[in-house]
Amino acid sequence: MQTRSKLKKNIRDRAVLFVTLLLFWIMLNGTLAIDSLIVGIFVSLSITLLFCSGLSFFTEFRATPKAFAAGLFYYAYFFKELVKSNFKLAAIILSPSLPIKPGIVKVRTRLKSKMGRLMLANSITLTPGTLTVELDGEWLYVHCVTVDSTDIEEVTTQIVAGFESYLEVMYG
Amino acid sequence: MNEMLMPAVTLLFAVAMIGAAFVAIQVKQISIAMLAAGLVSLLASVLFLFFAAPDVAMTEAAIGSGLTTFLFFFVLGRVRGGQRD
Amino acid sequence: MVETMIVIAAVLAGIAFLLALARFIKGPSTFDRVIAFDVLTVVSITFIVLSALIEERGIYLDIALVYALLSFLGVIAIARYLEGRF
Amino acid sequence: MTSFVDYLGGLLLVAGASFLFLGGLGIVRMPDLFNRIQAGAKTTTLGTLLILLGAGFLHPEWGFKLLLIGLFLLFTNPLSSQVLARAAHRVGIEKSSKTTVDMLAKDLAKTKDLADNGRESS
Amino acid sequence: MVQIAMATGFILILMGLYGALTNHNILRIIVSFSVANTGVNIILVAVGYMHGRTAPILNEAVPVAEAAARIIDPVPQALVLTAIVIGLGITTLMLAFAYKLYERKGTLDISKFSELKW
Amino acid sequence: MIKRVIVLLFLLGLGLLFIAFMQGYTPDSELNLTGRYYAEHTAQDIGATNIVTAIIVTYRGLDTIGEVTVLFLTAAIVGMLLSRGNRKGKSLQRELPQSGELLTTGSYLLVPLILLLGAYVFINGHLTPGGGFQGGAIVASAILLMLLTDPLRHFSHQLIAIVESISGLLFVIIGVLGLFYAGGFLDNRILPTGELGSLFSAGAIPVIYSLIGLKVGAEFSSMLVNLSETEDS
């Protein structure tokens, strides 16, 4: 029974990877012409079959409308956060006294799926001012340019909670 | 003004390449020399693009970005500890 | 007007390029040079896009694609070496 | 004939280039390695994304390629910075004197102590 | 523009040769060779460039009819393309030999290899 | 010291030669005869939009066979030199630090994308910049990313060798077919030339360049795998 569900999950993962690769192929070519589509199906199929442990953006994605909405909100929140923290860091770099207070703090994450954790770590790294140094079990070690407090719970709500609430709906 | 832009950018990249090459043959640690050699080949790829040779630029980018750097550092890691620099 | 803006963007990116180059030549440790290397490759993507805009040829973007996808391999290889993994 | 969209694209190009400039400035000014990664490798990401967006406004027919470049950049850039920061922390690179707290080093030391004690007692 | 690139290529060749001739470490010699290699490629590409022309790929920007007046010389590009790929092969071969030499002798200093000196 | 002076004198002479060459050099304003021929005839004769590809695959196809052979020889010599370390079960006993979870997940995400980009580059070689050599290098970069993530990962030497030899064989067979059904060895017109600018055009060029891409990728991969499986000395 268990092997069957595992097999089912495996086949589903492969199918998702195949569809994602085909999407990328269409975007690369920029056309929907029938010849490039045939070649694209062949190439994506062979990559999917040859490289067994591949993941894609949607591997553990929950295919519910709620998850898609959360995805949209996630990207909106992410870009807002990106621009905001860029301006914050720009102010720090441009001020002559360089008012930084760096340190490495520890935060907790609730995410279990691989892709969700990767997306979380990447989002934290991409927003300037925070940089993921190590991911160990449920603990994330984050380097901050300005450390406000060293209390784990407080820093967690400050850095992680915003991204996590969306990613949890998307990937679980 | 636009006429002057491409020569100016070419000059910028030329200066950067000569600087990187200087680092490559002059610096003490060998790892930095290898890094600088990789930088020379990556900047050369952009220069090829400015000279309207996209095929060559793509070859240089694909080969210079990962493969050459990896080969150099791999062999350096294997022989490390056996000599002075 | 747009041409002037492209020139301004190229000048600003050129200054960033020179600053990163200064860090590469000066940089006290190897790690600093690796960061400068990373920044130089990312700024190079900007120059590729600008040259595609000036020459008005979309096919030049393929090289930017290769750059974006492969330039991090060099940094990872160097990080592995500095960690002592080879 | 320059339209409004062209102006917007040009402005986005200039904005992106100024973020690149800030990244270059940060890489020179910041005092230690981790802060340099923060300032250098992160502001450049937003700068490059803005430049790609501006190019998309100027030439809408390149949209797909520019989108793909941005997407790849969003996934490769943080990966390399993270691997580099991790390697630097493992090697034990010198941190600036302004650093207040380093919980990772503390935790690593703790687990190492625990492992040593366990080996002695068994 | 062509002059800038040619000067850069020549300077890179000279620097690479200087490094290859004065260093004693085999790895450094290989690094210098790769710098000189890049310089040669730049000169070859610069020779094929003509001012005001564009890449030899025909599409909407360059229609077939005016190709001969709009594109640059494609022959040097084809040469350089093969040269780069072969260059990587040669670098790999040199590095493999260096590794083997180190395994045999325990050093990479060429002044220690005295079998072929007379 | 005397050696350094001799080296400097030699380089000075070379530099003077270069300066003399640069002063006498005037850039052409017109294409020369060969370039003009290629520019005017490629579109009708070959059907490829990328003229560099047409030169490499068809006009100078024999050179490309030679080049691929040189690469094959290089890969074989590297494998032979380092073959001592390939004893089974004994390789790499030392402890390596773990590669973090993020890099592992990220590489599983990126390797299919890099392979896809490589395939795109070598299949579209006749339309966009790129082709077999570039695509092969990109495919080998995907293998390199896997190696960097997990150095102990086992790659099937047999698979690499099979891909390498089958694509090489097909390359030569297509060349010989050109001898019988079209104008000469490696002529691309054994397949219809098609409409200029579409994917299935330019006769056999996409097929030949894909085969070259697979072959070059397999050769570079075998070099990388052979190097990384050597024992630590």
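Residue numbering begins at 1 within each chain, and the chains themselves are lettered A, B, C, D, E and F in the order written.
We adopt the following convention: a contact is a pair of C-beta atoms (placed from the backbone, for glycine too) under 8 Å apart; a residue touches a chain by one contact, two chains touch by 3 or more.
Only a predicted model underlies this, so the values are computations on that prediction, with no experimental measurement involved.
Novice: Spelling it out: a chain qualifies if it touches chain A and also touches chain D; which chains qualify?
Specialist: Touching chain A and chain D alike, sorted by label: F.
Novice: Counting one step per pair of touching chains, how far is chain F from chain E at the shortest?
Specialist: When the steps are counted carefully, the minimum from chain E to chain F is 1.
Novice: Which chain pair is joined by more contacting C-beta pairs, B-C or C-E?
Specialist: B-C
Novice: What chain is the most remote from chain A, judged by the mean position of CA atoms in each chain?
Specialist: Between chain A and every other chain, the largest centroid distance is to E.
Novice: For chain B versus chain E, what separation do you get between their C-alpha means, in angstrom?
Specialist: 11
Novice: Taking the mean of the C-alpha atoms as each chain's centre, how many Å separate chain C from chain F?
Specialist: Chain C and chain F have C-alpha centres separated by 24 Å.
Novice: Between chain A and chain F, what's the gap in Å when you average each chain's C-alpha atoms?
Specialist: Chain centroid spacing, chain A to chain F, equals 33 Å.
Novice: Residues of chain A that touch two or more other chains: which are they?
Specialist: Chain A, residues with two or more chain partners: 24, 28, 121, 132, 134.
Novice: For chain B, what residues touch not just one other chain but two or more?
Specialist: 6, 22, 50, 52, 54-55, 57-59, 62-63, 65-67, 70-71, 74-76, 78-79
Novice: Would you pick out the residues of chain D that each touch at least 2 other chains?
Specialist: In chain D, 25, 37, 45, 65, 68, 72, 75-77, 79, 81-83, 86, 90 touch at least two other chains.
Novice: Quick one: which chain pairs are touching?
Specialist: A-D, A-F, B-C, B-E, B-F, C-D, C-E, C-F, D-F, E-F
Novice: Going by the contact rule at the top, pick out the chain E residues touching chain B in the complex.
Specialist: 1, 4-5, 7-8, 11-12, 15-16, 18-19, 23, 25, 27-28, 30-32, 34-35, 38, 41-42, 45-46, 48-49, 53-57, 72, 77, 80-81, 84-85, 88, 91-92, 95, 98-99, 102, 106-109
Novice: Within the complex, which stretch of chain E touches chain F?
Specialist: 2-3, 6-7, 10, 13-14, 17-18, 21-22, 49-51, 55-59, 64, 67-68, 71, 73-75, 77-78, 81-82, 85-86, 88-90, 92-93, 95-97, 99-100, 102-103
Novice: Within their complex, state which residues of chain B touch chain E.
Specialist: 6-7, 10-11, 14, 17-18, 21-22, 24-25, 30, 33-34, 37, 40-41, 44, 47-48, 50-56, 59-60, 63, 67-68, 71-72, 75-76, 78-79, 82-83, 85
Novice: Spell out the part of chain F that touches chain A in their complex, as residue ranges.
Specialist: 100-102, 105-106, 108-109, 111-113, 115-117, 119-120, 123-124, 198-200
Novice: How about chain F: which of its residues touch chain D in the complex?
Specialist: Those residues of chain F that touch chain D are 97, 100, 102-103, 106, 109-110, 113.
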